[in-house]
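Once you've had a glance at the structure underneath, I'll fire off some questions.
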Amino acid sequence: MKNKKNKIINDPIYGFIRLEHSIILKIINHRYFQRLRHISQLGLSYLVFPGAHHTRFHHALGCLHLINNAIIQLRNKGSLITFEEEEAVKIAILLHDIGHGPFSHALENSIINNIPHEEISCLFMQRLNEEFSGKLSLAIKIFKNKYKKKFLHQLICSQLDIDRLDYLRRDSFYTGVAEGNIGTERIINMFDIINDKIVIEEKGIYSIEKFIIARRLMYWQVYLHKTVIASEKMLENILKRAKELIKKNKKIYSPTSLLTFLDKKHSIKNFKNKPHLLDMFSDLNDADIFVCLKYWKESDDFILSQLSKMILNRKLLKIEIQNKKFNNDKILKISNILMKKYKLNCDEVKYFIFSDKVINHTYNPINDNINILMKNGNICDITKVSSLLKLSNLKKEISKYYLCYPKNINL
Amino acid sequence: MKNKKNKIINDPIYGFIRLEHSIILKIINHRYFQRLRHISQLGLSYLVFPGAHHTRFHHALGCLHLINNAIIQLRNKGSLITFEEEEAVKIAILLHDIGHGPFSHALENSIINNIPHEEISCLFMQRLNEEFSGKLSLAIKIFKNKYKKKFLHQLICSQLDIDRLDYLRRDSFYTGVAEGNIGTERIINMFDIINDKIVIEEKGIYSIEKFIIARRLMYWQVYLHKTVIASEKMLENILKRAKELIKKNKKIYSPTSLLTFLDKKHSIKNFKNKPHLLDMFSDLNDADIFVCLKYWKESDDFILSQLSKMILNRKLLKIEIQNKKFNNDKILKISNILMKKYKLNCDEVKYFIFSDKVINHTYNPINDNINILMKNGNICDITKVSSLLKLSNLKKEISKYYLCYPKNINL
Amino acid sequence: MKNKKNKIINDPIYGFIRLEHSIILKIINHRYFQRLRHISQLGLSYLVFPGAHHTRFHHALGCLHLINNAIIQLRNKGSLITFEEEEAVKIAILLHDIGHGPFSHALENSIINNIPHEEISCLFMQRLNEEFSGKLSLAIKIFKNKYKKKFLHQLICSQLDIDRLDYLRRDSFYTGVAEGNIGTERIINMFDIINDKIVIEEKGIYSIEKFIIARRLMYWQVYLHKTVIASEKMLENILKRAKELIKKNKKIYSPTSLLTFLDKKHSIKNFKNKPHLLDMFSDLNDADIFVCLKYWKESDDFILSQLSKMILNRKLLKIEIQNKKFNNDKILKISNILMKKYKLNCDEVKYFIFSDKVINHTYNPINDNINILMKNGNICDITKVSSLLKLSNLKKEISKYYLCYPKNINL
Amino acid sequence: MKNKKNKIINDPIYGFIRLEHSIILKIINHRYFQRLRHISQLGLSYLVFPGAHHTRFHHALGCLHLINNAIIQLRNKGSLITFEEEEAVKIAILLHDIGHGPFSHALENSIINNIPHEEISCLFMQRLNEEFSGKLSLAIKIFKNKYKKKFLHQLICSQLDIDRLDYLRRDSFYTGVAEGNIGTERIINMFDIINDKIVIEEKGIYSIEKFIIARRLMYWQVYLHKTVIASEKMLENILKRAKELIKKNKKIYSPTSLLTFLDKKHSIKNFKNKPHLLDMFSDLNDADIFVCLKYWKESDDFILSQLSKMILNRKLLKIEIQNKKFNNDKILKISNILMKKYKLNCDEVKYFIFSDKVINHTYNPINDNINILMKNGNICDITKVSSLLKLSNLKKEISKYYLCYPKNINL
């Protein structure tokens, strides 16, 4: 009997992604997973990179494709991965980002406060586990790093996990920042497992160096692009203002499910006690925010309407970036001009002028590190064996300060 | 004095797109043009091709890039194009699609009836012309084909226009259907102007053949992909139902601007008499439809809620495709089962079972044709000189019939 | 025990090609196979396409990669392919072109007359079979189509074989004629075996159409590019002249192994009786011809020296192409001018002015055809089910006539 | 009157390269330039990377394409480049590598000793200048850095010259080491001229970092790949042995032009005094070496025949790489085994066992450096402003030691 059940999906990056007819396909078809189609991978970056409209849905499928290749490689090299483990690690990577809300990271702290998206992902997995009669138990164990074979968790979450391998490649592709491209296939070819840890064969060192450099480039050139920062901070401010107005009992438009989250903060405990909260959350996507902006641009609250219009019409705040803190006098001076010009008090003006820092770690070996398997059998951290990256600099947290305020202010 | 004013945009396809600081940049920054960022190029195709989230905004910039190359080529070959004409034709291509509403073609007849998007594009251009004190007059003339140099209009609208050169390449790229790719640059290199008409140099024949074949492939494999048809017809039905309910004074959610168009039909005359109509329309984008779907899935109208849920969770109707009309008995039989199962009357059931045809012309030389400039100086239609395409078949309209109905119907 | 023996080769087209440590790697390392590194895939095409320096060696590895994917696909769909068959078909594809001599097709009839390269390939395989104690017997059987499972032979040699899938893609890639690119991976995904024959699933029809069109485009745009024809015919003439001079006992330079083949014609029988002949042949590669040209450009035979110089310095004959035979008067007239100008007799002048035709079959279903597996289970020829290719034209042999003669002849 | 004289060449990397009909096309058509078609860009690297058969000819055309883009950029930014300077700098880049002999760098010191290829390039330029009645004078001045506008020379020869921008991209492309790819277009977009020096705009810093890293990766992964080193050193040894045998009056095959250079050393003075020397040199290409190998593999000199066979059949010496010098005892021990096994004296054995080091400078700012134009107008060295590359390490010369000797030696 012929088995022709493989489903094939066109992917501009990998060519084709094959999906087997199994629980994995059922999960993909589930409404929780389908919602990722409407959650953009890179928030508002499309305001700078017009190609960057790819979604969490696509990223998750890409990860599935790569982990499949990784499993083939590792088995080829003699690592034992059972069929159950294979399925579980595939489910885990597929769902690792399912907890993201609208605009992914951009609104991470605006819609749900103080709960990392990984915890929400866990809630979704548990919910699906109930629906699928316990078939996700092993996946959850691996995701939470409670399974004995630790390398399976590392595939999903580590300095060199499948998640990063896909998102760097994908974000580089869709933004058109070709230089962020990495040798995904080559790196996976260099994977091996030693003592239950992912290691990279020595001849892969240059690829790893390039991976680290490309990641750094993508951070400064895309993820922390100054116009992206400005627009995402403005969007955060819009939601902050909406919450404030709601607290003051001002009536503003919001779909019910979004209102639930603007109205009050929910702890992870809330989520566990009130199952409908997760359903509410699962109902949210980028479109809710856009439609709110369109309503809010007509609001009689100046702050809300002004900022909403600015995002919709891409008339963004000016942003300056520098390596040290911005001078307080300058901020005060601009604030005063703005307060006068727009009749704002000193709390309100902060919606239009604000300064903070963004941080990036090029390589952060505190939690885990990238291990190289030397030809002599030794295992070393990449920074120890790379003549280039043998540098304290790399581990150093790099901060940049930004200051946003309206254009056309005469100083 | 240095002029560093060129703005550079990353494009995954062409590498970089350069924008000069001129009226063109001002038009791009205008809110009418910015709205195209939220109108997807390919409607619901992303339900089949998860990479296909590119927008009308991006397509318009791509066209601008290509027409720039075409102008350089044509001038190199001795065609006279003045600076004013260059600017005008660039503006015209940039705005040729600005009249599209949410989901582009998919809802072309659901939101505005019987007005082609080109006419709405014209309205936008006229509005912008007022704002920019007449600087778009020549662009409008070219767009309407009222300018003496007819080839400029052909660049924007003909069998082998810049529009097609960009969208085939771009849609092929983002869907991952690599086979739809065409030799954009080579074709533009082969452009020449003879007797005020675009012609292709003889050695470009194979590229043109491939262009025609690729276009045909993209039609059947992407634009008329059966799952895409099913989902877009369902979406049309949703809007049809919404209008019906509104007519019956049922209260359903809709943002005001969308309501304006669901509530009644507007003729082109209406648009001309009531300027705010165009503003209403300019306010619409994909997000409005998505949010409606989310509200409507909770509606107490079974048809509206059911269809909305189906789109949101991608539980689509089954679709069959064949070369001849579907048998009426079969349709009746299924209709009866459905009417019984869902308690629908014979009008209502048509929302869940429907049949029609889709049509494609691979090459339609009725209006204009693709002219080849032979080495001996003669100019011939491509079908006359291509040994492959010398075929009546190519000009023939090809129809395919589809039938949609719910899965899990036992016949 | 870990098995890390896979060898990985960088390929600009497929990314990586994996070679298992087995008899296949031993064959690749054999001097017979290594010689393919110095035999260009596309003869003198690099004179027009400066990137086209790829070799038969690389093509053979590419085929190995693709057949591996095809085997995985077919097994997935339920076709039984034993391990022995897998190895044999891989060996057969690897060696299918090993019988090529210098410049591949360009000198096919100049070095060895009347023996197709496939027969020489067979001789090599038999020789290797002896060396490897009979381990190639099954591969030879498949290659000669004497094995019961006919579809294995079809993978190597048919209208849609792995050979074509690789060479179209590779030649398109290295010449830079991007339009010749085909959907290799997609086509292989559509492979299935029915009644011991390769068939293509119905939804692959458009890809097959595109494959046929791309092949046609590559023929006219690359393989039969007029400058390529001119240069290859000139090279043929050079070898013809060398043979003539040798026959007349004129002393001209030649490496011994080449001399063996210039000196007299060898039948396939000769090859079988005199084993050293094959060794002589295996010693030949492109470099021999180049060095001869460099010696011959100093020859005191005008014809030999003149033509050699022309190739080396790329001062080629002019070539005209048309659909009908060239007028004899024109040829005679030019011949007369040339005879006078260069003091040539009427036999000699034919080295500098000659006319013939080139032929291409876009699709030739006489021997075998491309079968489509329809959804209803029927199997049909592609031309029957493709609305585009339902054309007698496609099967028609297309001839073009060329006429070559020196530039700067005043007619 | 129409000017359709542009010649278009297909390039797999840049799509199309346009050549104007001018002296540049005449130079390209000259036999001195055409010979570059037969000189491989990367020596014997194709033994490791089967795609790496690209030539100096193709690289030179690629440089021409890039310098054209650079000139457009610089003019856009207000730099004055006259038409004469444009032509001259294009000629200079086109001819910068024309002095390369067979296998480019691999035999740089085997065929001509102690004369850098740049000086031979100069000789060719002067010869062409005579032929073209002084039209290359400005090009030569720029090439020799004797022209007042120093930045024109920098485009051809500096830490970030057009040469590097093309060869890194091209070598990465043809070897398939995709990670060596660099953002050529972006870097050129960031070019500017300040105080007669090329500078890079600040926002190009990450691209420059990536350029440096990619260059380093290409060095260790491709140019200094251990198998490439082994084979190229073996080839050097072969030529050394040939010279030795000639000196001892042993008769070995060699084409006359090659013999001229094997027979004795020629100083740059010789070249200047004896014009035919350059013609002899211009006659050499890769094919001469290959044909010699084929003759020499039959030589009765064991060393010559053995090494030639090893290259031809790719049975290379084993190579070990390490960061410190190899232990002399080990070398001695192996030497002794070899002397006994092959009956070699202690001079002769050095052809089969040898050790040395290879050196790479990732960034060498001694001669010149990469300057960044900061937003505040300052100009800084890249290492000063890159938080990553602020490292002594980068400037450090990195050495690796290698040891080559036959496989199958039992130690």
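Read from first to last, the chains carry the letters A, B, C and D; within each, the first residue is number 1.
Note that in this section a residue touches a chain if its C-beta (ideal position, glycine included) is under 8 Å from a C-beta of that chain, and two chains touch if they have at least 3 such contacts.
Not measured: the values here are computed from a predicted model.
Participant: Same or different: at the chain C/chain D interface, is the fraction of residue numbers used by both copies above or below half?
Facilitator: Comparing the two copies, chain C and chain D contact each other through largely the same residue numbers, since over half are shared.
Participant: With centres defined by CA atoms only, which chain is the most remote from chain D?
Facilitator: It is B whose centre lies farthest from that of chain D.
Participant: How far is the middle of chain C from the middle of chain D, if each middle is the mean of its Cα atoms, in Å?
Facilitator: About 32 Å separates the centre of chain C from that of chain D.
Participant: With centres defined as the mean C-alpha position, give me the chain A-chain D separation in Å.
Facilitator: Centres of chain A and chain D (C-alpha means) sit 43 Å apart.
Participant: Of all the residues in chain D, which ones touch at least 2 other chains?
Facilitator: 15, 178, 186 - these are the residues of chain D that touch more than one other chain.
Participant: Which part of chain A faces chain C closely enough to touch in the complex?
Facilitator: Those in contact with chain C are residues 1-4, 6, 8, 15-16, 76-78, 185-186, 189.
Participant: So in the complex, the part of chain A that touches chain D is made up of which residues?
Facilitator: Of all residues in chain A, those touching chain D are 178-179, 181-183, 186, 206-207, 209-210, 213-214, 216-217, 220-221, 362, 387-388, 390-391, 393-394, 398.
Participant: Which chain A residues qualify as touching chain B in the complex?
Facilitator: Residue positions touching the partner: 9-13, 15, 29, 31, 34-35, 37-38, 46-47, 49-51, 53-55, 57-58, 61, 173-178, 255, 257, 283, 285-288, 290-291, 294-295, 312-315.
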